[in-house]
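A single structure is presented below for examination.
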Amino acid sequence: MSFSITLKVRDYECDLQGIVNNANYQHYLEHARHEFLCSKNVSFADLHQRGIDAVVARINMAFKTPLTSGDTFRCTVDVKKEGIKYVFDQNIYRAADDKLVVKATVETVCLVNGRLRECQELDEIFFLEMNTKIFGLPHHI
Amino acid sequence: MSFSITLKVRDYECDLQGIVNNANYQHYLEHARHEFLCSKNVSFADLHQRGIDAVVARINMAFKTPLTSGDTFRCTVDVKKEGIKYVFDQNIYRAADDKLVVKATVETVCLVNGRLRECQELDEIFFLEMNTKIFGLPHHI
Amino acid sequence: MSFSITLKVRDYECDLQGIVNNANYQHYLEHARHEFLCSKNVSFADLHQRGIDAVVARINMAFKTPLTSGDTFRCTVDVKKEGIKYVFDQNIYRAADDKLVVKATVETVCLVNGRLRECQELDEIFFLEMNTKIFGLPHHI
Amino acid sequence: MSFSITLKVRDYECDLQGIVNNANYQHYLEHARHEFLCSKNVSFADLHQRGIDAVVARINMAFKTPLTSGDTFRCTVDVKKEGIKYVFDQNIYRAADDKLVVKATVETVCLVNGRLRECQELDEIFFLEMNTKIFGLPHHI
């Protein structure tokens, strides 16, 4: 099952069209990914302090239904690995009717001390549990 | 007792100093006031649609302790009326230790169809309950 | 030649990684499109007042080089029509060395009084000049 | 004469009331202060890297006239010292008619390696020129 967080639109996130400004969906997606990390006991700020920066290399967002003042929504996070990249599939659903709001793919890479490279720490955090389910290994993450 | 909401810092709200950018506290305060309205079954967006705009005339904020990545905080709302103005006393407290983060006074006025004036609707919403407590009147707001 | 605007990074646009937060590039792209409209004497806000809303249906952004505090950058706008969509090709270049920062494709559609449809007004604004160059027609836009 | 910068409202800065959201004025004021530093060859980000953080202790803003889509405005910066504080008087004027938009007082203090203290570097940058004008000293800042 996907990780997800539920948030409510804040009025300042709406623009003069009276709907959530598009850039704010990118904020929601980012916050959901960071909360996903938190759920694994990893802090994005702490990673940065230790020289590990997860950065977005590419984002693809399809805007299906606008959110507006008063709306509550659910933002999901699924992650898989493709080569050196972590690819996040993320959707936003309006809570009232479960209607799809945004469908996004976010490709991120890791910079360790400024250099692009594999990040064993994140690999273990994201995928060890999954592997241990398959291989029956203990998982003290 | 004060109305309050509890929120968590989102990493994109932090700036290059690694702490919440000051302007975001103004966002938090605004969101708390609008949630206060919601708690009274009033929608800020709906008021705007009906030609009633509550606007901030003056804000005074003292920044006591910075919030940072991972912090949860409580933002309070108290309102009183002074002449034509609604004066909101609002504080932000860090949840972990109840330390004062921001102490703010926000003076707002009402524009009805663009003209400054008293707003009976908001008066009743904000203060009727209070009065009925004093005068023992029923309060079907 | 592409339409473009030149802007400078504002420090509050940088996040705790010390670089411009990704969502802000979406802001830059939007602002450049709206300035492109302005250069054609069209106001996005005025369109909205008249019931014409240009909305983003899909955005694809590749992040190549981060901008940081003090950087100046150029944001370009090119538009073509594909079916009912206006497709904007937009790039962001760092001014100091013309390095590619962001490469984006932004697909927008028009809602007229809330319904998806062709917008003759924008067609003429975006493409008449081009056609008149080809066909030698006068262009009093 | 005051230092000032001229900016144009970006549509995403407007909220569902169709006017610039109040928190954005705080962004404008901050950006003007940082550009004021730049004009003295000082970078806010560089100060932070060297352990010097100028932080806002108190802000007082009076909102006089709202800015809206399409508006250009001028944001001024004047600074004086009061005890350990730098007190900035900042105004925002609409360019079209020089009408006062926001009148602000921003009190900042310096943290050097996290501790509140005098900052000789900023003192010299802000006030040496002034003193040399009074006392006829050379001013190679």
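Letters A, B, C and D mark the chains in the order given here, with residues in each chain numbered from 1 onward.
Keep in mind that, in the parts below, contacts are C-beta pairs under 8 Å (C-beta built on N, C-alpha and C of every residue); 3 or more make two chains touch, one makes a residue touch a chain.
Everything numeric in this text was worked out from a predicted model, so none of it was measured.
Trainee: Considering A-C alongside A-B, which chain pair is linked by more C-beta pairs in contact?
Mentor: Higher C-beta contact count between the two pairs: A-C.
Trainee: Among the chains, which one keeps its Cα centre farthest from the Cα centre of chain D?
Mentor: Measuring from the centre of chain D, the most distant chain centre belongs to A.
Trainee: Please tell me the distance, in whole Å, between the geometric centres of chain A and chain D computed from their C-alpha atoms.
Mentor: Here chain A and chain D have centroids separated by 35 Å.
Trainee: Using mean CA coordinates as chain centres, what's the chain A-chain B distance in Å?
Mentor: Taking the average C-alpha coordinate of chain A and of chain B, the gap between them is 30 Å.
Trainee: At what distance in angstrom does the C-alpha mean of chain C lie from that of chain A?
Mentor: Measuring from centre to centre gives 26 Å for this pair.
Trainee: Residue numbers in chain C touching 2 or more other chains?
Mentor: If we look for residues of chain C contacting two or more partner chains, we find 11-12, 14, 16, 18, 21, 23, 27, 30, 44-45, 69.
Trainee: For chain B, which residues count as touching chain D in their complex?
Mentor: Residue list for chain B touching chain D: 16-17, 21-24, 26-27, 30, 44-45, 48, 53, 55-63, 66.
Trainee: Under the stated contact criterion, what part of chain A meets chain B in this complex?
Mentor: Interface residues on the chain A side: 10-12, 14, 18, 27, 30-31, 34, 38, 43-45, 68-70.
Trainee: Can you list the chain D residues touching chain A in their complex?
Mentor: It comes out as residues 11-12, 14-16, 18, 21, 23, 69.
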